[in-house]
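First chain written, first letter: the chains are A, B, C and D, and each begins at residue 1.
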Amino acid sequence: MPLTAILWLIGGLILTVLLGVALPERSGRIVVYGLASIFAGAIAAIAGAVLIGLQPMDDSLTLPMGLPWLGANFRLDPLSAGFLVVIDLSALFASIYAIGYGRHEREARRILPFYPAFLAGMNLVPLADDVFVFLFAWELMSLASWALVVSHHREPANLRAGILYLIMAAFGTLALLLAFGLLAGPAGDYAFAGIRNHHATPLIADLIFGLALLGAGSKAGLVPLHVWLPEAHPAAPSHVSGLMSGAMTKVAVYAFIRIVFDLVGTSAWWWATVIMALGAAGALLGILAAQMDRDLKRILAFSTVENIGFIFAGLGLALAFRDEHLGLAAALAMSAALLHALNHGLFKTLLFLGAGAVLNATGERNIDRLGGLIHRMGLTALCFLIGAAAISALPPLNGFVSEWLTFQAILLSPELSHWGLRLVVPAMGAALALSAALAGAAFVRAFGIPFLGRPRSLAADMAHEVDRFSLAGMFALAALCILVGILPGFFIDALGPMVVRVIGAQLPAQAGQAWLSLVPNPQAGSSYNGLMVILFMTVTAVLGAGIVHRLSGRRLRRADAWDCGFPDPSPITQYSGGSFAQPVRRVLGDFAFKVTETVEMPPPGDLGPARITVQLRDPIWEFVYAPLTRAVSWIADRLNPLQYLTIRRYLGLVFTALILLLLVLAIWQ
Amino acid sequence: MAIVPALMVQGGQMLLVLLLAPLLTGFVRKLKALLLRRRGPSLIQPYRDLLRLLKKEVVLAGSASSVFRSAPYVIFAAVWVAAALVPTFATGLMFSWSADLIAIVALLGTARFMLALAGLDVGTSFGGIGSSREMMIASLAEPAMIMSVFTLSLVAQTTQLSDIARFMLEHNVGLRVSLAMALVALLMVAIAENARVPIDNPATHLELTMVHEAMVLEYSGRHLAMIELGSALKLLLYVSLIGCVFLPWGIARADDAPGAYLLGLLLYVGKLGAGGTLLAVFETSIAKMRVFRVPEFLGAALMLALLAALLLFVSKSF
Amino acid sequence: MHSIQFDIAHLLASALVLASFMLLYQDRMFGLIQVFAGHAVVLALAVAWQAYVQDAPHLYVTAAIALVFKATIIPVALFRIVRRLEIHRNVEKVVGVGSTMLIGIGLVALSIAVMLPVTHRSGAYTSEDLVFALAVVLLGLLMMTTRRNAVSQVIGFMSLENGLILAAAGAKGMPLVVEISVAFSVLIAFIVIGVFLFRIRERFDSVDVQALDRFRGDRG
Amino acid sequence: MIDWASIAEPMVLAVPAGSAAILATLPGYRLSSKLNVLASLTTFLAALTLIVHRPPAGTFLLVDDLNVFLIVLNTFVGFTASAFSAGYISHELESGKLTPTYLRFYHAMYQVLMFGMNLALMANNIGLMWVAIELATLTTVLMVGIYRTHEAIEAAWKYFILGSVGIGLALFGTIIVYLAALPVIGEGLDAMAWNVLTTRASAFDPALLNLAFVFLLLGYGTKVGLAPLHAWLPDAHAEGPTPISAVLSGLLLNVALYAVLRFKILLAANEAALAPGPLMVTMGLASLSFAAFMLYRRRDIKRFFAYSSIEHMGIATFAFGMGGPLANFAGLLHMAMHSLTKSSIFYSVGHIAQVKGTQKISQITGLTATHPLLGWSLVAGVAAIAGVPPFGLFMSEFLVLSSTFARQPLLAVPLAFGLLIAFGALIWRLHKLAFGTPGPEEKSGPAPAGYKLVAIFAHLALVFVAGFYLPTSLTAWFQHVAALLG
C-alpha cells in the first residue's frame, strides 16, 4: 500500500521535528538532514513507482483525526503522486546539500525543528482528500516555512519579509477556505469525493475560480500576488530558499490544478484567458525584475515568478483546449506545464543551492561585489552554469524541452473556436518567447558577473570550494537537468497518468518513438531529439577541436588582457551587474518599473567621480499594496480614540446602544 | 530512402556548409568593396585568414577561465549542428527530425549564451559592453524570430524545417500577407543576429560602436578561428534558411534522381549569391544606427512577426 | 376595588418617575441628595403597596431595606462625603436642563411605546409598573451620562436601581426579590465606599470622574 | 460506596467557598498560595466527576450537557491559573508591588471568584445566576484594583461602573423573562428555573421574550466585552494582576457568554420570537472588526491581548448568532479553545512582564533569543490565537468561516476581512516581541524556572492536540449541545 508507506514516512518526518528540538546542534544537523533526505528520497521513489505503474494507483485512507465526523482523508492519485515526485526530488537533494551547508548556521536550533515540519507539510498537501486536511497541511507548510524565513531574525529585513509572507499566506488560505466553503455547499460536505458530486452554479463556479486563483496564486507567486516572493525566499537559509522556490510553489500549482481542473468540474472560456494573461504578465515582469536586481538570491526568486507565469500560461492553455474538447492539444499543454513544473523544481533548487554555496564561500549576495569565482570554486560554477543554461531554455537541457512543448501547444491553438482565446494566445506566445529570451540575458548576467571576470571584493578573492555534501546535492540536480533534457520522452510518459487524470486524454507514448525522439503530435510531425542534439554537438565539437589542435598544436601563452590596448588593472572597470542590465533597463525597464536614472557629473576640473543612481519603483506595490496598508492604518487611527474616552462617554455608548435596540424593537413590533 | 545515400546527403550537406561559409563571407566583403570602388580582398581571403589564425599561437588573458577556452568549440559545434539541419540543396535530411526550427533557433541561442559568457570572462570593460548589448539585441531578436517561425509553421502545419520547405515547394501557397510580414521580420532578425550594418559593423573596431567584435576582442589564434568560422556559418545558415523557405524552388526532395540533387546544388549556390548580393547592397546603402535605436528596429520586427502570427490565428486565409 | 388598588399603584409608580425627573432637574448637590432620599421613600411606599396588594410579606423586607438603607443611610453618607470633599458646589451638567427634560420625556414615551403593547397579557399592575420602571431605569441611565461628577453619577445609578426594584416588586410573586435587593444594596454600598475609600482623596482633589479618567490607559 | 454525584455537585461550590473563608484568615502567603492551588485542584476533580455522574436537576442547581463542559473548563483553567499565580504572586511580593495583607485578600478573593463563576454556571435559576455573576463582578473589580496604582484604580472604577450598569440591565431582562414565564408556568421558583423554562419556552409571549433579550444581550454582553460595551475590558486586563487577566479572559467572558446562550435557547425554542441571530451576528462582527483595528495601535502588551479577547468573543458570538449545527459546534469549540489559549498567553505574558520589568511592547524585543522557552511559548500561543494549525482555533475558525460562506457569503466576507486584519496585527507585534536583537538599554531579568511554565505548555498541548484530533465522545456531546442551541 504505497499511501500507507508514504504516510508512515511523513510521520517519520514529523518525529524528526522532535529530534531537531532535542539533539545538540552538531549531531542534530547530521541526523535531521540525513533522515530528511532518506524520507524524502523514499517518498519520491514510492510516488515515482506509483506514477510509472509499478504500484497500484488511487488508494485512499481515512485516519481518525481532522474533522471529527469526517476523519482525515488521504488519497494517492496520479496527480498527487506526480507532485510528490516533484517536491521530494528537490527535498532529497536540498537535504543532502544541507548536511554540509548547515555547518555554517549560527543558530541552527531555529532551523532544525522546522525543516522536517516544512517537508511534512508540503508532502501532506497533495495527499489530502478532504478540505480540512488540505488546509491544515497548507497552513502547516506556510507556518513552518515562515519560521525558517525568520530564522536569521537579527536582520530587520528578514523580519519584514516574514511579516509580509505570513500575511500573504493567511490571505491565500482565507481565499482557499472560502473557495472550499463554496465548493462544499451549504450541506458542508468537506470530503473531496462529496465536492465532486456537488455541482456549483456558473456564478458560484466563477467565484470559486477567482478565489482559487487568489489562494493558489498568492502562494505560487502569480502576478500581482508575487510581492512577498523576492522578499521571503532569499531571507531563508539557501537550501530552504531552494525548496520554497522549487517545491512549495509547485504545491500551489497542484492546489490550483486540483481545484480548477478537478473539483469544480465546470469552467468558463474566460477563465483560460485570465490565467494566460496573468501568466504571461508574470513571466515578463518576473524576468525583467530579475534582470534589474543585484542580489543573487532575489534574482533567482524573481525568475521563479517568471517560471510560475510560464507554468500557469500552460495551464491556461490546457484549460482552454479542454473546454473545447481538443483532447490531444489539452494533453500537450498540460504535459508541457507539468514537465516545466518538474524542470523548474530541479534547476531552481540547483541554482539556489549554488547561490547558497557562493554565500557560504564569500558571505556576499550582491553580485556586484563578487566575480572570478569560477577560478576558486570551479565545481560550484559548473553546476550553476548548467542550471543557468537549463533555466534559459537552451538545448540540450531540460528547460528547453518544456518550452518547446509549450510552443507546440500554442501552435495548435488556431483550432480554438473562441475569438477571445485566438487573440490572447498568440500575444501570450510572444510574451513567453520574449521572457524566454530575457531569461537568457538575465542568467548570462547572473552567472557571468559573480563567477567570471575578476574578483570585485576581497571576500570574492578569498572564496574556497564548498564541502562534499553540498557538491553532491548540486551535482545530482545538475545531472537530472541533463537527463531530463536528453531523454524527455520517458518523463513525459511518466507524467501521462497525471494528464489523463485531469484532462482525460493523453499524448502518444514517447518512449517508443524512433531514436527516442519527441513527437508529441504525430500529424504535425514536429519532433525534437535532445539525445541526438547532444551527440551531434559533442561529436562536432570534439571533431573540430581535434582537427584544430592537429593543425595548430596546443601552443598557448598567458598574458594580460588586451582590451583594445588600454587594460585597466582595477576590477572596478569590469562590467558590473548594474551596467550589464543597463541596455535592457533602458529599453524595457521603463514601462514595467518606472526606472529613473540620474547622473551627477562633477563640474569640469573636479576630479570627483561621476555618479549614476538608478531607482526602480514597482507599480504593483505602489498601486495595490501601499494603499491597502495606508487604509488600514488610517482606520486604526480613526478608531483609536475610542480607547481614551471618559467613563461617562462609555456609558453614553451603552445608553445609545440600548436606545437603538429598543427603537428597533418598537418599530419591529 | 536508403540509409547510405541519406547519410551521404547529410554528410555532404554538413561539409558543404562548412566549406561554403567563408566563401559567402568573402563574397559579401568583396562585393561591398567593389560597390565602394575599392578592389577589396580576394574571395578566398577568409580561408587564408582562418589558416593564418590556426597557425598562430593563442594568447590568453591571465584572468580567462575554462569557459573562455571551451566557448569557441561549443559555439562552433552549436552553429554547425544548426546549419547542418537547414535544408540547403535537399530536403528530407537524414537527421532533420532531431531538431525542428524552434530547436534551431534555440541552438543559436546556446551559441550566443556561450559567446556572451566568454565576453564577460576576461573581465574587461569592452567584453562587458559587447555581451550586455548582444543580449539586449538577442532578447528582442529571438522572440521576433520565434514569432515568424510560428507564422511559417502555422502555414505549413509543422515546425519541422524540411517539411516546411517541402510544403512551400509542393503546395501552391501563393502570396500571403502573413508570409510577407514574416519574411521582412526574418530579414531584420537575420541582419541583427549576424551583426551586420545597421545593427553592428563587422569591420569596425571602433570601441563604442561594436557589439559582436567587442565580445571576441580577447580571442586570438585557433580560438578566434573557430569564432570566425562560427559566425560565417551563422550567416550562411540564415541565408539558406530564408532561401529554403521563401524560394524553395529546385530543392531536391527525398528519393529524387541524382540529377535533381545536382540541380539543387547549383540553384543553392545561386541563392547564396543572390542573398550575398542583396546583403552587400543593403549594407553599403545604409548607415549604422545608434545602439539605442536598435530596440526600435527590432521591436518593429517583433511587432511585424506578431502581427503575421495574429493574422493567421484569426484566420487561415491570410 | 381593584381599580383603587390599581390607581394607587399607578400613582406611586408615576411618582417615582416624577422623582426621577426632579433628580434630572436638580442642580445643587445637597438638593440632589435630598431629592434622592425622596426617590427612595417613594420606592419604599410603592413596594410596600405591592406587598400589600399581592400579600407577599417578603416584599415588606425589600421596602424596609429601601427605606432604611437608601432613604437614610446612603443620603447621610453622601452628605458627609460631599462635606469632606468640599464639592457642595453646583452639579455641572453636560446637557442643559431643558434639553435633558425633553430627552427624558422622549425616553418615557419610548418605554411606553415598547412596553404597553407587550405587557397587556400579564396582569394590569405589572404592565403599568413595568412601563414606569423602564422609564425610571432609562432616566437613571440618562442622568449617569449627562452628569459630570461622581456623586451625581452614583445617585443616577441608584435611581436606576430603584427602577429595577420597582419592576421586581411589580412582577407578581417573583422569588428572590429580597435577595436581589440585598445584593443590589451591597453593590451600592460598594460604590459609595468606593467613591469614599478608593483613596480618591489621596490621589485627586475631587471625585470628578473626569479627573479620574485623566490617565486613560495605554498612553505611551 | 459513596454517591459521587450527590457529593461532587456541592463540592464544586463548597470547596471554593470554604477555602475562601480559610484563606481569608490564614497569614503566610506561601502556605495560602499552596492551599489555593490545592482547593482549585479538588474543585477541578470534583467537576470532573460531574461528567460521569450527572446529578439530577435541583431547584437551585442544574448540571446539564451545556454547562458541564464549561464547568470542567472553568475549574481546570482556574486550577492552572492558581498554579501560575503561585509562582507569579511571590515575585510580585518580592518586587514589593503587593503586601502580605493584600496577598491574603487576593487568595481569598480568588476562591470567591471561583465560587461565583461556578455558581453562575450551575445555577438553575435565572435570578441566582444573576446574583452569582454580580458576585463574580464585584470580586474581580476588587482584584483589578489590588495594585492601588493610579491606573489600576481607574481601571477598576471604570470596570465597576460599566459592570454595574450592565448588571442592572441584565436584571431588568431577567425580570421580564420571569414575567413572560408567569402566565404559562405560574408564580414561584419554577418560573425562573432553567430546566422548566427551556421546556415551556414555546408557550411564552414572544414580544416579552424579545424585550428581555435586548436587555440581557446588552447586560451580559457588557461582561462578554462585545463592542460597544467593551470599554472596561482592556483596562481591567491590563492593570490587574496577570493571573486575574487570564481568569477574566479565559473564564469570566465565557460565563457571561454562557448566560447569553442560555437565554438564546429560550428564544430559539419560541418560533414567534424574533430570531436572536441577527443581533448577535451584528454585535459579533462589530466586536471582531473593531478589535482587529484597535490591535494596531496598542502599546501595552496585556491590553493588546485583551483586545484580541474581544475579537475572539466576537467570533464566538457571531458563530452562535449564525446558528445551525456546524456554526454552533464551531462556537462552542471556539469558546473552549480560546479560553485555553488566551490564558496560556497571559501566563507567558505575565512572566515576560516580570523578566522585562515592563508591559510596554516597545521595550520588549527578541524574546526567543533572550528567553528561548518563554519566547517560543509566546510564539506558539500567538500562532494559536491567530488561528493557524496545528492549533485548535484553526478548526473552529475554519468551521465558522466555511459554514457561513456557504450560507451567507456576504456575512463571511467581513468576517474573513476582520480575521485577516487581526492576523496582521498579531503577526506584526509578534515579530517585534519574539525576534530581532534586544536593544542595549533593554533590561531583562533571569528566566523563570521551568516548572513555572508547565501550565503554559499544558494548555498549549491541549490546544495543539485539539487542532487535529477531537475524541469522538467529546465531539458527539459537542454536537448534541450544538443541536440543543438550535
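One rule holds in what follows: a residue touches a chain if its C-beta (ideal position, glycine included) is under 8 Å from a C-beta of that chain, and two chains touch if they have at least 3 such contacts.
Note that the structure is a prediction, hence the values are computed from the model and not measured.
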| item | value |
| --- | --- |
| Co-neighbours of chain D and chain C - touch as defined | A |
| Label of the chain whose CA centroid is most distant from the centroid of chain C | B |
| Chain pair whose interface holds the most contacting C-beta pairs | A-B |
| Distance from chain D to chain A - Cα centre to Cα centre, in angstrom | 44 |
| Chain centre separation (chain B, chain C; CA means) in Å | 100 |
| Chain centre separation (chain B, chain D; CA means) in Å | 78 |
| Whole-Å gap separating chain A and chain B, where each centre is the average of the chain's CA atoms | 35 |
| For chain D, residues contacting two or more additional chains | 157-158, 161, 165, 169, 207, 211, 234 |
| Touching two or more other chains - residue numbers and ranges from chain A | 643, 645, 647, 651, 654, 658, 662, 665, 669 |
| Sequence positions of chain B contacting 2 or more other chains | none |
| Chain D - residues contacting chain C, complex | 125, 127-128, 130-131, 134-135, 138, 141, 145, 148, 150-151, 153-158, 160-161, 164-165, 167-169, 171-172, 175-176, 178-180, 182-183, 187-189, 191-192, 205, 207-208, 211, 234-235, 238-239, 298-300, 303 |
| Touching residues on chain D, where the partner in the complex is chain A | 157-158, 161-162, 165-166, 169, 207, 210-211, 214-215, 217-218, 222, 228-229, 231-232, 234, 274, 279, 290, 293-294, 296-297, 326, 366, 368-369, 372, 383, 386, 388-390, 394-395, 398, 401-407, 409, 412, 416, 419-421, 423-424, 427-428, 431, 435-437, 467-470, 472, 475, 479 |
| Residue ranges of chain A in contact with chain C within the complex | 643-648, 651-652, 654-655, 658-659, 662-663, 665-666, 669 |
| Residues of chain B defined as touching chain A within the complex | 54-67, 73-74, 76-78, 80-81, 84, 95, 97-100, 102-103, 106-107, 109-110, 112-113, 116-117, 120-129, 131-133, 135-136, 138-143, 146-147, 150, 153-154, 157-160, 163, 205, 207, 217-218, 221-222, 225-226, 291-292, 295, 302, 306, 309-310, 312-314, 316 |
| Sites on chain A touched by chain B in the complex | 371-372, 374-375, 378, 385, 389, 392-395, 400, 403-404, 407-408, 410-411, 413-414, 419, 422-423, 425-427, 429-430, 433-434, 436-438, 440-441, 444-445, 447-449, 452-454, 515, 517, 519, 523-529, 532-533, 536-538, 540-541, 544-545, 548-549, 551-552, 555-564, 567-568, 571, 573-575, 579-584, 586-587 |
